[in-house]
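Chains here go by letter, A, B, C and D, matching the order in which they are written, and residues are numbered from 1 within each.
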Amino acid sequence: MIVTIKRNSNPVQIERLTRWIKNLGLECHMSEGEKSTVIGLVGDTSKVDIDLLRSLEIVEAVTRIQEPYKNANRKFHPDDTIVDVKGVKFGGSHFQIIAGPCSIETEKQVIGIAEAVKAAGASVLRGGAFKPRTSPYAFQGLGLKGLEILKKASRETGLPIVTEIMSEKYIDAFADVDIIQIGARNMQNFDLLKAVGKLRKPILLKRGLANTIEEWLMSAEYIMSEGNNEIILCERGIRTFEPYTRNTLDLSAIPLLKEKTHLPIIVDPSHASGLSRLVKPLSLASVGVGADGLMIEVHNDPQHALCDGAQSLRPDQFADVVKAVDVMLPLVNKERDK
Amino acid sequence: MIVTIKRNSNPVQIERLTRWIKNLGLECHMSEGEKSTVIGLVGDTSKVDIDLLRSLEIVEAVTRIQEPYKNANRKFHPDDTIVDVKGVKFGGSHFQIIAGPCSIETEKQVIGIAEAVKAAGASVLRGGAFKPRTSPYAFQGLGLKGLEILKKASRETGLPIVTEIMSEKYIDAFADVDIIQIGARNMQNFDLLKAVGKLRKPILLKRGLANTIEEWLMSAEYIMSEGNNEIILCERGIRTFEPYTRNTLDLSAIPLLKEKTHLPIIVDPSHASGLSRLVKPLSLASVGVGADGLMIEVHNDPQHALCDGAQSLRPDQFADVVKAVDVMLPLVNKERDK
Amino acid sequence: MIVTIKRNSNPVQIERLTRWIKNLGLECHMSEGEKSTVIGLVGDTSKVDIDLLRSLEIVEAVTRIQEPYKNANRKFHPDDTIVDVKGVKFGGSHFQIIAGPCSIETEKQVIGIAEAVKAAGASVLRGGAFKPRTSPYAFQGLGLKGLEILKKASRETGLPIVTEIMSEKYIDAFADVDIIQIGARNMQNFDLLKAVGKLRKPILLKRGLANTIEEWLMSAEYIMSEGNNEIILCERGIRTFEPYTRNTLDLSAIPLLKEKTHLPIIVDPSHASGLSRLVKPLSLASVGVGADGLMIEVHNDPQHALCDGAQSLRPDQFADVVKAVDVMLPLVNKERDK
Amino acid sequence: MIVTIKRNSNPVQIERLTRWIKNLGLECHMSEGEKSTVIGLVGDTSKVDIDLLRSLEIVEAVTRIQEPYKNANRKFHPDDTIVDVKGVKFGGSHFQIIAGPCSIETEKQVIGIAEAVKAAGASVLRGGAFKPRTSPYAFQGLGLKGLEILKKASRETGLPIVTEIMSEKYIDAFADVDIIQIGARNMQNFDLLKAVGKLRKPILLKRGLANTIEEWLMSAEYIMSEGNNEIILCERGIRTFEPYTRNTLDLSAIPLLKEKTHLPIIVDPSHASGLSRLVKPLSLASVGVGADGLMIEVHNDPQHALCDGAQSLRPDQFADVVKAVDVMLPLVNKERDK
């Protein structure tokens, strides 16, 4: 960590600062230039409060050199982490496709979709039982009842399941869920992160809609610092000024994350754009940038024939995406378990 | 609500859509142009799922005309809401200053600051017991012990207190807190919003760092839809591309909110910029745009003489801000209770 | 165009507004609801000043239904535009790779790179003679002398060239340039757009770093409204809050643009991220989303051995990208001219 | 400047880098830690190409310590610059209000407004002759004819004038313009910046809609590096995700700029929000944060009675803003020339 001191700063304050740094068990390397003095902090700086340092009157700038995350850091764990979900492996050369309905509505609907996506190549079933909705007047999901339907669909098809948790109070109810999803809006719900960190169960951690890659890895670090290392990251678009898409899918994040962390990372092209007709091109792009998998919304409820063209694909459209993905996987040295 | 249909759309799909709309109890006004057909939805559209409509294959665009919030909407409640906190009034012509330390550290520290800010003009004491920190390795606050210290400072000084809740599991522990704060990162923690909505106690709802004004009002609506109308909104800066400030304080939001909602709104100039030397100019600006109050960080702990110039002001600097604010208040027809 | 009128508006003002609309040659369809009145404007609304309408006291919201661009609009020109650059075709089923150095430095450098990228599969040579630099103290490019070097490299290799123009005053000097590039910072330099619109020569129009897709198409419309329809759009990343990449490449924009416009669109993965190691994955992703080509920075100057790992690839790395792209093109029904 | 080297980097590459740095006339201070090596560059680093450094394979991060701007830097010019426009002074304790119509339409209109705003307290007249419009079909301004009208209004009222230049080709035509405005879209039109830098005439430099404070100062530096130091900066809002306002006015930028530069800075509250009813609160806020002046749109053309409530104020509304500003100025130790 590098601290730049403003010129003409009071030597007493500088002295006080270096004493404080040394009390944290760090070494101070001073280097005085004409216009400014620079202090290099050497040692384990992950516990230094960078905001505090930045706010000091005598400090011009603080630069972190070591990343603030450790457990999630590829520097310290060079090999890819493989997250194993009942034999379905995320990471390394594996490529997985998670699919299912946005919201769980009826048993018939979910089992129908589960069978269809399994036949088309999905290895994990998704489905929303608890739905984070901007409006209190919008459908909030079936809740615990939805969870039961999802588990039944899992038993019928043999597909492991992933579904979103919105509060610590449901931790027990999620005991049989194979992968617990932390949604974008809860990426910095730190109590929830700590709670799932205490589990020994795969966590799908979505990126917050306005969170940096570093903050995202720090949220993974929250979970890992409690002992749970089975984390799958999921890019789902960030908020920008562009109104034509609901969010802007940040595909550059995937190769960058591959450098910075050993955790597997998948892409959700359905939520990012909010437009089903973008799902196929964005899926192929996700394979191209090196993602470890996809999470795609699929529906087949005849009640919703209305929704043709929604964020969700029909099973035949989903099968078409899987086929195209399969052709592409060898180019990136990935393989889909079959 | 206006739905624009793509040209050359299948009449059968249009017919299915209008039937679906009518089933929601709404009227459909069709208007066919050369390039597109427009359907006007008349009636209570707050329950229409706009995302669903937008995703239909035949739909080009959907425009909401009515705001999606009702309880928070000034149209339906033209008069300012006054939130009364043990006699300290937020809203209308009242102007309040909340002050206190960022983190609660010791009883001596908090009581010292509480006395100082009370003397300088603060009417509510703030202090963080539970701290949302990006890093799991950063100080997370004293928790329940911090809460006890804060309550003691309240008893000693008579100042009501405000502090942040980070999880529903602490609802009972916050029983004696006068104003419960929902922080920026939890603005869309919907289970937490519903939980505080069930209380009959003032809630300070901070704007999420990447949330629109409409989403913010929808979060207020979550609380109000559970029956709790005592909400104070707090602007604290939004995330932009500008790196010189931690966040960009969106002061235009205040006069806009004054049109859209009847709820009181205050400004937190300390968190927005992360720089104590911006607190005074941004406080005056907040008065200028018509805010109902300020929330300012103040410290006096000699242990932290180190922190001169931090996001927190010293008590004498805080007193200077209050004096400047007082001179300005008559210009905007506001008055600080004394 | 739909204009929503505030409730309780003065009927005299509404009457004045409808008269004004009719004077523009448009029809007014009024539809009165309980909470608001809606006016539908029918006819050619592209000349209506939407900002003016929005700013009226009685107006709550204005929604455009027709896109504000015509010449660039696929609705009116369903077939793909093919831009032909000396036989090198952009658009349709064609896929082209533009390559070359960031800055033109010496004849030897440029000819060396030109030969290398041609051998590897590039069909157009790029090179910066005039460089838009944030700092006046940074290298501004060789200017006209650089242009001469680039033209010489074109003669030697037979590759057509593309280079950036920064001011109308150089229009004549660019007479022999095959494709004139408008850079991101000049995307809304309207005088420059009009000037190149008067030419009959292909224009490469980069997206501004904070411009929406619609604004970008409006800039294309500026050029087309002067009679020049040979436009190649180039996505190069937008400005977001994420600091790890220089810009966020918006790949969702490509399939969206394919719906909205008939113009060809390519991607510049070198500038977007600023990191050469992201060029290959982002190139594959660009093919996946359906781009019509790539623009890639390549260097080979031994003077810059220093720059290993920069935004520019070495020729061997570039050849490796082309090979991977070639394997992928059949999946998206594209072919690279050979 | 601090360069952090990746661990396990090739010593030959490090050696090559340090030799290159020394060739630039800089000293290299090496400091080796366990996880990384840090090189401190000492000397005049303003000519170091930071993008080049960042792109090196062995480089993890580069941190600038010295600002990249010199002429605009308060460190080297501690005293406020006072820009004198025919006796109207910008900067120091002076406060000026620029007012006038958005677009120049007729002589009668402009002279009418000029007289009205002068009477109300404006010291400079603004008016758009060349209008940067997103659409080629929107009114582009009267051009040179508009300039003549503006000059006539200046002669009649004695008010100096400011108007926007959109291309270098009009430099001569702007010879009699008192302050030449560079608009937001041209903030990084570097040829135009250099051209106005060669003049000896005040330049009003607006912030680009997605430009950082540092980039803005670098654009000022472009002008100053050509010898023209008479620059007035103008904040007019930045692009964010918030749709309720056209742009988000970044008022924190003003006190920050006051630290970083000696140049005067004013605020344009009319363009930022696009809503006339926000002009008054944002004007008061601008005074509160320490701005040196305001630029406000005023209209009075009866042809535009239609536009009530637009971005422009009526003269009586403008007079009301000036009165409120006047009451506030003593609080910030500013005075409006009368």
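Here is the rule we use: contacts are C-beta pairs under 8 Å (C-beta built on N, C-alpha and C of every residue); 3 or more make two chains touch, one makes a residue touch a chain.
As the structure is a prediction and not an experimental result, all values here were calculated from the model.
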Which chains does subunit A share as contact partners with subunit B?
C, D
I want to compare two interfaces, C-D and B-C. Which one has more contacting C-beta pairs?
C-D
Let me spell it out: compute each chain's centre from its C-alpha atoms, then which one is farthest from subunit D's centre?
A
Where the CA atoms of subunit B average out and where those of subunit D average out, how many Å apart are those spots?
31
Chain centre separation in whole Å, for subunit C relative to subunit B (CA means):
39
Cα-centroid distance, subunit C relative to subunit D, in whole angstrom
27
Residue numbers in subunit B touching 2 or more other chains?
210, 239-241, 243, 275
For the subunit A and subunit D complex, residues of the former touching the latter:
2, 4, 7, 29, 31, 33-36, 38, 40, 42, 60-61, 63, 65-66, 75, 210, 239-241, 243
Subunit D partner contacts - residues on subunit C that touch it in the complex
13, 16-17, 20, 46-47, 49, 51-52, 54-58, 68, 132-140, 166-169, 185-186, 188-192, 194, 209-210, 215, 218, 221-222, 225, 239, 274-276, 305-312
What does subunit D use to touch subunit B in their complex?
210, 212-214, 238, 240-245, 248-256, 259, 272-273, 275, 277-278, 281-290, 324, 327-328, 331-332
